[in-house]
Every structure is written in structure tokens, then in C-alpha cells.
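Remarks on the structure that follows.
Which chain is which? They are A, B, C and D, in the order written, and residues in each are numbered from 1.
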């Protein structure tokens, strides 16, 4: 019990647990699942935005978008690496993703239907992700916390780029302004769902809070996001599609409506607009690449054997 | 100046069109590391394209910018070589081996070209070439590593790598065929005919390391009335590439991005 | 009149977009006779689309014509159901079985719709429906014959036919979901909710003859914020379809064809 | 020798040989090859024009083009049927096409690079085909002659539609006029090649003439095409890219330059701009359709057995 004790004290003191340290099996398993889901989200998240690279309307926007989607692949790589420090295997996690046994953020099960979606994803989706992730920069597991610090920095950059795209579009033609508003209308509610179900319906929160791998409740983070976003929408000149949204001076926060939680559970349950498409896309890329990975492995083995032979 | 503009378009379109093709791999590469690497290469080429199209627009002096050139020209006005536009995967017409075969040939050729262009009498071209050389050396090495790995990997990868080389080989000839514009711009442009020995040397070296034979007696891809990419005469896939690339830009005239 | 125009767009876009998809089979069908048949069906649908878009333009009264509606609207303004736009072959996302599965469902549904539309208070719609009914009966029978042949052909064709049905089944629900425009146009439009029993009956009969089970517990394709094709909210493939279809028209503003 | 005699007399008298009639083996073989090549040309010819169906710039032109390409499939069907009256097998001929053992008209090995090509193919390529084919309406073999009559009628219709498209485009914008001229520049020489090599280099002509399955020499037909086309080009307002082209009042014909016959032989030999692509396209369609044809056959067999069983 000495080890467990030390672990508990480390965590309670807001110190970092490192790969070499002893940790409870439940902590390890929960972390692997959480980090893997986050990694999967980065990888699946490449698709909705990647959908517009070939059609980006200016070369500058094409470069920005391509670089952003590339960063997401990079984030996926850090995060899979963090799970490996916990003893997970990337190939195994990938299998779980493409067979539907592990989830990713449901927001990526919505389609991108106009170039404004690229901006709105940067603004709202990355914005919500940052609200979720900033507290994780202080999470108890060292490699995860360090990955999150780097990721949050890049996400903030992406968020500013998304917002800047929307600002530019709102300063363009009427058709562009309409495109932005239409996109905001589609993404607002799914963005609010990114914080997960209302606290009353959320499970597993308590233990994760205690382990410092979750640091705020869903509703706290959702409120923070809304309070942060409303003035940005005003500055942009778009309406947020919620008739209940208004400042509540008593609470010092905005009141707002609830997303359609039935829809949320349907999408989480696998029946969103693009769930099948996203997983099938990932599966195809993985399967089409099988012979390449096998070749790379065979080649390394041959070269290693040659070095061995020479030695 | 019209010649300088046309020459910058040639080099810029090569980079732009191949960047567009490479970006098709995004979220489709055989492993995540390769997704990152191909996106990097596409970004480098896109960067080169932007500088070159901007220079072309300046030299033209008609008030166009990089976006007008990329999104509002018709197919017949694009000056890239066919090697950049053909489908080599991830979609129909290729696979990862074909993609690295194209990338090896293209980047070896462009590297040889840009190395010489560093001495161009046009200071902008010289500067772009200086920057490009570093990038292209990385692209070439990356492609060469894959060609070697796949050539000397498994039976299947060897077979695919050989097929990929055979697919792109007919497009080599065009790379070394000078266009009148290139010949007229002595001192500014590079005569591509002079690059052949260097590029052949690189390819032979890589193929040897990969235990692959140089594709045998492959006739060069035919020209149409003697014309090819540098003259704006492309292959049938080019129209589809441009439709996808340009549609949104053309759909919202006067928009700001 | 705005509602009439919107309704004609819905019906016209269904036909236009499916014609565009079917025409992709040209020179790619499993046998020459089928190349001819699919082109025929595409031509019929294209003809229906032209009459309906022309009527939509008239009702709108803004000086647009069928081509302005087909080539100069943005994705969000297209009102077709998702079933028409999804990829069912010959390219990614399907095969011949998926194509005939879609065609069976689509033409059974549209036939039921047009049969009722013959009594529309709008004389143009009624006339278009009258003409369409004959064509659609042929389309449906053609598709049904293939579904039966493939369902009761070889093991492979049975498996593919079942997979094709499973692929299109989630898009059925949208066909029977009324849009407010359809409800407001009582007497002019048909409420699609009333078509379900008839269409289900046809499908059951064909599937029985084909020795195929009705796809089991398939949830309907999800809507986005409750919206789908009739509201102009499409799937990600739609943008690519339009880019290809519209690019040339948009590239040459003011051209005469 | 009675049979052969009768055959010779029938042919010499410009009467029709029918499938039930005796015919020399060489006549049968030559006809099968000639008609099959013609059928293959119709089928491969669907590709260059089919390439523009999805992108046709007006709905009317889309319908016209789709109907035209459909007609080509129909022509292929009649012609394969004609070969079957001679004992050939369509599956066998298709195998010969997709394995490169039988040829098709080389003109279809050129790419279609603009929508003007659709008009120019109608005007020049269909025009040249008609010059080649009209004499074949009087060819000695009945089923072939009847197929040609029907085909020529439809081809004339296509030719007028192509010319009308070009007329409309020439009455449009400068960009459209440039597009038409560029297309004419690319197609003029390949169109002249459609009549085959100069008579001096052409083999097998004599026997075919005697059999009435070829009725004019290549050079005669080429001259006829040029004489017919020059005034049409003038009316259209396009230049034909031949500096040697001029009216020769002494001959009562136009003088004109020679195409690049080296290019002709390269393309015939398999190395044209699109030879590989065209054959690969056809091969893929055939192979992808294999399971469908197998299913249709299995189904027919089952139904036939059921009828048998019931009887």
C-alpha cells in the first residue's frame, strides 16, 4: 500500500506521475482510453477539414488548411506516443478505432458542407476543444500533460486562423456572409455537445476528477465556452441560433438553451450523419497501407540482419 | 517579360499541380508519419508555386495575382508537365508506390533544375531556387528512401514499385524537352535538356540500391500535334483536377478569402 | 408561387442529380445493352429535370432559365433528396448492384409520386407527371428485373445485391418525410408521407421475387440539425458532383451553348 | 467451284451476299475483321466524348451528348450482331479488343481537352467517318450494308449537331471562338489520317475492292473529305491549320499538305496519346462487369431449368 499511497499523494499534491512511477491499474486503463480517444479524434478530425483542401478558394487558405490538417496528424502521433508510455500499442488502438470499439469526438461525425465550415470548425470546434483541453495541461500524468501543452498552443493558433477566415468572409460579399451564418447555424449545437452530456447524466466523472485527469465538469466547461464565444460572435456579426441565449447579470454568465440530447446520444451511438463514412475512410487508408507497412518492416529486418551478419 | 512570365508559370504550375495531387493523400497515407511527410512536401511545393505565380503575375504586369492565375486560368493556359498531373494514387490510376516513383523522378529533376536556377539572371527566380533546393533535396531523399524500402521490401512491394516506375517512366522525356521560351531566356532559364545526365545518374543510383531494374524499352508518352504540357496541352485528367480546384473560387466572383 | 418554384426545384433536382450519377456509367456498364439502357434512363430523367427546372424558373419569375438553375446555384440551394446524390458506382462507394438498388427505390418512389401528381392543380406539373409516369414505369421495371436477376443469380451476385440494398436503405426515410413546402401546396404537390405504403409494397414484391430479405433494422440516415436534402443540406459528395457539373459553365460567363 | 462462281457473280453484279449464302473463307475472315474493327471503334469512341457528359455546359448539350454516346453503343451492338451472322462471337471479339489483338480507329487515341472537341469530333471525325462509310452502304454483305445505312443516317445527324454546336460557340464569346480554333488545330491532321495511309503504302486494298467491301481508295476519300470540309470551315469562320491548303482549279479539287505519317504509324502501333488508357478503360469495364454477366447467365439457366421441370 506504500506505492498506492505515494501515488495518491503525488496526485493530490498536483505533482506529475511519470511512466516509470507505479500507478493503479484503473488509472492506467482510464488514461489509455481517454488519451486514445483524443488521439483518434485528431486522426478522424483530419477528414472533415481535409475535405476542403483540394477546393480551397485561395492558395493562402489552401496552405493554411493543409498545414492545420497536418498538425492534427502530428497531434495524433504525440498522443499515441503518450499511450505507449502507458504500455498501449498503437496498432492495437488503431484496430479498436477502425472496428468501432473505441470512440472519437462525435463532432467529427458531422459533414463539412461549405468552406465556411473550415472557419467555423476553427472558431467553435477548436474553441470548444481548447476549453476542454486547457485544464488537461495540468493533468496528473506527465507525458499527457506535456502533449496537451504543445497541442493547446497549436490549437489556439488554429482557432485564431479560423476566426480570421470568418472575419475576412464577413467582410466579403453577401453570399459569403450568408455562407458563414449558415455554417454557424449548423455547428453551434454540435459544438455545445462537445462538452458531453449534462453533469446529471454524466458517469465516471468523480474518479477522474480525483485522479486529476478530468478537472472540470461538463456543464462548467460548456458555460465557459458560451461566455467566451458570445462576444466573439457579436464582433463577427453572426447570430447564434439559440433564442434562449442572453446575459444573466445575476449569475454573471449567459443563460442558454439545451442541445438536442437525443441527437447527441444517437450520434455517440453510431448513427450520426457521417459516422460510418469516417470510420470506413480510416479503415480503407489503414488497409490500403498494409502492404507498405509490411514492406517497411521487411526492409528493416533485412538491413538489421545484414548489419548483424557483418558484425 | 512575357517570356519570363511564361517561364515562371511553367515552374509554378509544376509545383502547384503536384501539390494538389500530393494533398489528395491527406488522411489516406499508409501511416501517420507519412501523412505528415506528404503534407510537408505538398506545402513546400505550394509555397514554391505561390512565389513563382506571384513572380509570373508581376512580370506579366496585367494586375493579376497568384489566385487569379491559379483559379481563373483555363486548362489550356496551364503550363505544367504531364508528370505533375497524372493520377498516381491514392485514387484511381496508382498507389503509394506510383506516388513515390513520381515524386522521385519529379524532385530529382526539379532539384537539378533549381540548382542551376540559383544562378539565374532574374534575382527573384534565383532566390526562389535557393530556397527550393533545400526543400527538394529533402523531397528527393524521402522518395528515394521509400523506393529503396519498397523495392527491397517484400515480393508484393517490389512488384508494385516496379509497376509504379513503369507507369511514370513514359513522362520522363517531356521533362528534358525544351520549350522555345526556355531557350529564348538564356541566362534566366535553364535548358532542361542539360539536366538529363544528372537526373539519370540519380535515378540509376536509387534503382540500384532498391534492386530494381530501370524500366526497359518504354516509349515516351505521345504528344498531340507535337505539343504537351509546356504548351498547355494536357491529359484528360487535368480538366477534372482543375474543376475541383477552381470551382469554389469561380462560384463566388468578387469574394474575399 | 415561391412555393411552387421551390417544389419544382425539388422534383427537378432529384431528376437532374440522379441523371448526372447514372451518366457516370456511360462506357462503363457490365454489358453494352446496359450501357444503352442506363443512358436511356439518364436521358429520361434529364428531360424531366429540364421541364421541371424550366417551370421552377417561370414560377420564380426572376428571369433565370434551366441552365442558370442547374449551373449557377450553390450546393445549399439544391433541393434533391440524398438518395439521388450518394455514390452507388461505378466509382467509389458502390457497384452495379448498388446502382440498381438505388434505381429501384428511387423510381418506385418517383413513380408513386408522379402518378398522383397527374392530378396536380398546376397544369404544367400535371403534364410533366403524365409524361414521366410512362418513363418511370420502365425505369422501375428495368431495375426490378436486375434486382431479381442478381438476387437470384450467383452467390456473389446475391451477396452484392444484399449489400447494395443495405447501402441505400438508410436513405428511404427521407423520401417519405414531407417538407413544409409540400404540405403548404395541397392540391398542387403530393404529400410524400402518403406514398410509403405503395412503395413498400412494390419493394417487398421485388425482394420476394429476388429471394432477398428486406434489410433489417437499419436506422435512417441522420439529419443535420433536423435538416436534409429538401432543405439544401447535403452529404459531402454533393460538392464534388457540382464542382464537376458546373465548372465549365462557370468558367465562361456569358458564353452561348 | 459452282458456289464460288455464284458468289463472284453476285458480288460483281452488286448484289447482296446474305448469311445463308456460301462465301469464301477469306471474304468471311476479312469481313469479320473489318466489321469488328468498326464495332470496336464505336465502343472505344464512346470514351473521348463520354469524357464531357458530366461537364457539359448546358442541359441541352448534356442531353445531346449523352444521346450521341448512347447511339455509339447502339452502333457497336448492330455491328457485333453483323459479325455474328458471319459466325463470330461477340465475347471473343471483345477479348481481342481488350487484349490489343484487334484494332479500332486510331482517332480515338487522341484526348478530348475542351468542350469544343465535342463539336469538332462531330464535325470532322464524324464527317470523315461518313465519307468512309457511305460507300459501305452498298457493300456486298447484306447485314453489314443494312447496318451501315442505319449508322450513316445517325452519324449524319451527329455531324450536323456537332457543326451546330461549333456555330453556336463561334457566335459566342472570344474565349469560345478561341476554344473552337484550338480544337480544330488539334483535330485536323488526325482527321485526315482517318482515311488510312496514302494509297501507295496501303495493303490489301485490291482484294477488298474486288469483294466490294472497300469501294474507294484512301486518297480518293481523303480528297473528298477535304473538298467537303473547306467550305464548311469558311462558313464557320475557323482556319484549317494547313499552309498548303488551297483550291486547285486545274484539278477541280483542293490541294493540301500531308499529315505526319510517322505519327500515324506510332499511334496505330499502340503509342498514341491515349491508346493504353482507352483499352484499359474498356478492359476494366468488361472485367468489373464479369460478375453481373455471370449472374444474368446463372439466372437464365435457373429459370430455363424451372420451365423445363414444370413441362
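Everything that follows uses one rule, which is that contacts are C-beta pairs under 8 Å (C-beta built on N, C-alpha and C of every residue); 3 or more make two chains touch, one makes a residue touch a chain.
Here's who's who by UniProt: A, D = 1,2-phenylacetyl-CoA epoxidase subunit PaaA.
Remember, it's a predicted structure, so these values are computed and weren't measured experimentally.
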Other chains in touch with both subunit A and subunit C: B
Chain pair, C-D or B-D, that carries the greater number of C-beta contacts: C-D
CA centroid of subunit B to CA centroid of subunit D, Å: 37
CA centroid of subunit A to CA centroid of subunit D, Å: 58
CA centroid of subunit B to CA centroid of subunit C, Å: 40
Interface hub residues of subunit A, defined as touching at least two other chains: 55, 175
Multi-chain contact residues (two or more partners), subunit B: 74, 243-244, 247-248
Topology of the chain contact graph, where touching chains are joined (line, ring, star, complete, other): other
Subunit B-touching residues of subunit D, taken from the complex the two chains share: 51, 55, 110-114, 175, 179, 182, 185-186, 189, 263, 266-267, 271-274, 277
Contacting residues of subunit A [partner subunit B, same complex]: 43, 46-47, 50, 53-63, 66-67, 69-70, 73-74, 76-77, 80, 115, 165, 168-169, 171-173, 175-176, 281-282, 284-285, 288-296, 298-299, 302
Subunit B - residues contacting subunit D, complex: 74-76, 219, 221-225, 227, 233-236, 238-239, 243
Interfacial residue positions of subunit B with respect to subunit C in the complex: 74, 91-92, 240, 242-244, 246-248, 250-251
Complex contacts: residues of subunit B adjacent to subunit A: 16, 20, 23-24, 26-36, 39-40, 42-43, 46-47, 49-50, 53, 66-67, 70-71, 90, 95-96, 148-150, 152-154, 156-157, 160, 244-245, 247-249, 252, 254-257
